[in-house]
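Two complexes follow with subunit A in common, the first pairing it with subunit B and the second with subunit C.
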Partner chain A sequence: MINLDLNSESIEVGSELTGSCIWIPDTQEKNKSLKLTIGWRTEGRGNIDKETLYETEVNPSLRAYFRCKIPMSGPISYDGQLLRIIWEIIVFCPGWFFQKNMVETQVLHIIPRQL
Partner chain B sequence: MSIYKFEQNEAPAKFPINVKETSEGFLLLENKGNLPKEYKFNPIYSLIILFFVIQFFIILRFFRIWFWWFLLIVFVVCFLFNKRFRNNLIAKFRFKPGEVLLPSYPLRLGEEYNLTFRRRLRANQKTKKAGQLTFKIACLERVKYTRGSDTEVETHVIWESQPKIYSVPIGVNTYSLRSDFTIPNNLPSSFEGENNQIRWIISIEQNIPGIVEQVYSNFVFVVDAVVVA
Partner chain C sequence: MSYYNPYHKLGLQRNPFTAPDNLEIPPQRWFDFGFSQAPPIQKRLFLQVIGEKGAGKTSHLLHWKQQTGGVYYYCQPGWKAWLLPPVAKIVYWDEANRIPLPLLLISLWLAHSINATIVSGTHNNLAKFASLFSFEIKTIRLSTLCVENLLQWSKKLIESERLSPSIPIRLELTTDNARKIVADSQGSWRKAATFLHIWAARVVKNYIL
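And then the complex of A and B:
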């Protein structure tokens, strides 16, 4: 079981995303560790663009804290006709040859800075 | 009045323009010289071009007269039947690149700006008849995708402003327009991915009878992810 806690799901560019993650594994998985990444990717008609801004390890039964600054340049979350920009936190179990066994994803909503 | 469709015109500059800070404000020059990453030096393309150049000289050596006639016919056909090609070629010889002046840069969502556009004719030429400038700004999505071995590009206009029309007087060497515009606060900021982009564009259509018709000056500008209340 994975539990993700965030300070907010809607974050302005230039501000910090903070939160924590705890993983209580089944008895068989006690020796493994998970990875947590924060980043964005595109979806839609075009070839995929993506960037990972933050990466940390989540050990079994230990609460992992994370802190990631969202760049001023964004990009902001966007849902258009040809293109979608999706920010997300992914917790996964690294497999062979960069294979990712997804365990949990949490979509973030990145918005422009309000003046 | 013609309606300018961004999808039909490749010119909505393929990359953001370099901006210079001057005493008058921030100067955006029409695309020239600053090629995007995808067009910069590539050894494979260079070899292909070299191969064609060598072929050209071989053909020229053996079929000199006929080849020149063929080239001339191709050129005349392109010139007569492709309006855009013809207009761009004429504009290149008759005009200096267009310029846009903005009071601040990058722009922000929800903020109002005033813009000055100006373009000069070459060699002291002057307008012979009254002309017309049509100004608008637009926000568009642009995606690049691979289909087989080809790379396709598709654009979609998310939003465009109502066109504003300005007149060009007779007998001027430099024509210009001043306009106010607001960047709507409910639209996305600029985004430049390798394959996906959200671009903001200033487009000015120029129709000057006797000199040029339907020539566009396009300026890609950057809008920051900041909303001004």
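And then the complex of A and C:
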């Protein structure tokens, strides 16, 4: 079981995303550790672009705290007709050859700076 | 308020018409137009696939290569085209019309010496050059975009993005929409996929509002 706690799911560019993650594994998974990444990726009718801004390890039964500054330059989340920009926190089990076995994904909403 | 994937509202994981991560189409998204069977290896065969941009030439070449192995070569535009195309028991030359004539003739001669099968994706008919080296010539003209095929293809792609077997999908292309997309796409599946992507995004937006 994975529990993700965030200060907010809607974050302005230039602000900090803070939160924590705790993973209570099944008995046979107690020696493993998971990875948590924060980043964005594009999805749509073009080449994929992506960036990971933050990465940390999540050990079994220990609460991992994270703090990631969202760049002022964004990009902001976008749901367009040709393109989406998706920010997400991904918790995954690293596999062979950079393969990711997804465990949990939480979509974030990155918004412009409010004046 | 929780922010989530809007496509979940339609019972989908994402927009079904998103461009694939790579050019090799996974089986659950492959649509058979009657040319799915790969050509035989080492038969002194020159199989050319002729079609407009986005007609599905590269998709077919890579689909066959998954079955036969062999070498895939993409001929780049401009001066980068001046590379000798590789030769193997079966070789896939994509954008073969860009290969400079002297290099094309050398590679055809080399391929002839090992009885290779050459599969080429091309905009122009290259049969006259291959026939100089007594290759058996086969030509496939890809012109498969029609309303019926588009309806079936879109259905397959939508199904491949189903969120869960228990959740109904709320996205279906009508014949009227398909007819308009076919007319606007000028024979290109790539253009049709872009129009379908826009259509699906609009449906999602209207559904949420």
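Rule of thumb we're sticking to: the second predicted complex is superposed on the first by the 115 of 115 C-alpha atoms of A that agree within 3 Å, B and C clash if a C-alpha of one lies under 4 Å from a C-alpha of the other, contacts with A are read in each partner's own complex, and residues count from 1 in each chain.
Quick note on the criterion: a contact is a pair of C-beta atoms (placed from the backbone, for glycine too) under 8 Å apart; a residue touches a chain by one contact, two chains touch by 3 or more.
Every value quoted in this text rests on a predicted model; they were computed, and no experiment measured them.
Of the two partner chains, subunit C is the only one touched by A:Val107; subunit B is not.
Using the contact criterion defined above for the overlaid structures, shared-chain residue A:Arg45 touches subunit B and also reaches subunit C.
Of the two partner chains, subunit B and subunit C are each touched by A:Gln81. Applying the stated contact rule after C-alpha superposition, one finds that A:Arg67 touches neither subunit B nor subunit C. Counting the residues of subunit A that each partner touches, subunit B and subunit C differ, and the larger count belongs to B.
Using the contact criterion defined above for the overlaid structures, shared-chain residue A:Lys32 touches neither subunit B nor subunit C, since it reaches no partner.
When the two structures are aligned on the shared chain, A:Leu115 is found in touch with subunit B, with no touch to subunit C.
Look at A:Glu9: by the touch rule set out above, it reaches subunit C but stays clear of subunit B. Within subunit A, the residues touched by subunit B in the first complex and by subunit C in the second are 44-48, 80-82. Contact residues on subunit C toward subunit A in their complex (touch as defined above): 1-6, 14-15, 17-19, 21, 193-194, 197-198, 201-202, 204-205. Interface residues of subunit A, counted against subunit B in their complex, comprise 13, 42, 44-49, 72-76, 78, 80-83, 85, 112-115. By the touch rule above, subunit A contacts subunit C in their complex via residues 9-10, 43-48, 77, 79-82, 84, 86, 107-109.
Those residues of subunit B that touch subunit A in the shared complex are 108-109, 141-146, 154-156, 158, 188-189, 191, 193-196, 198, 224-229.
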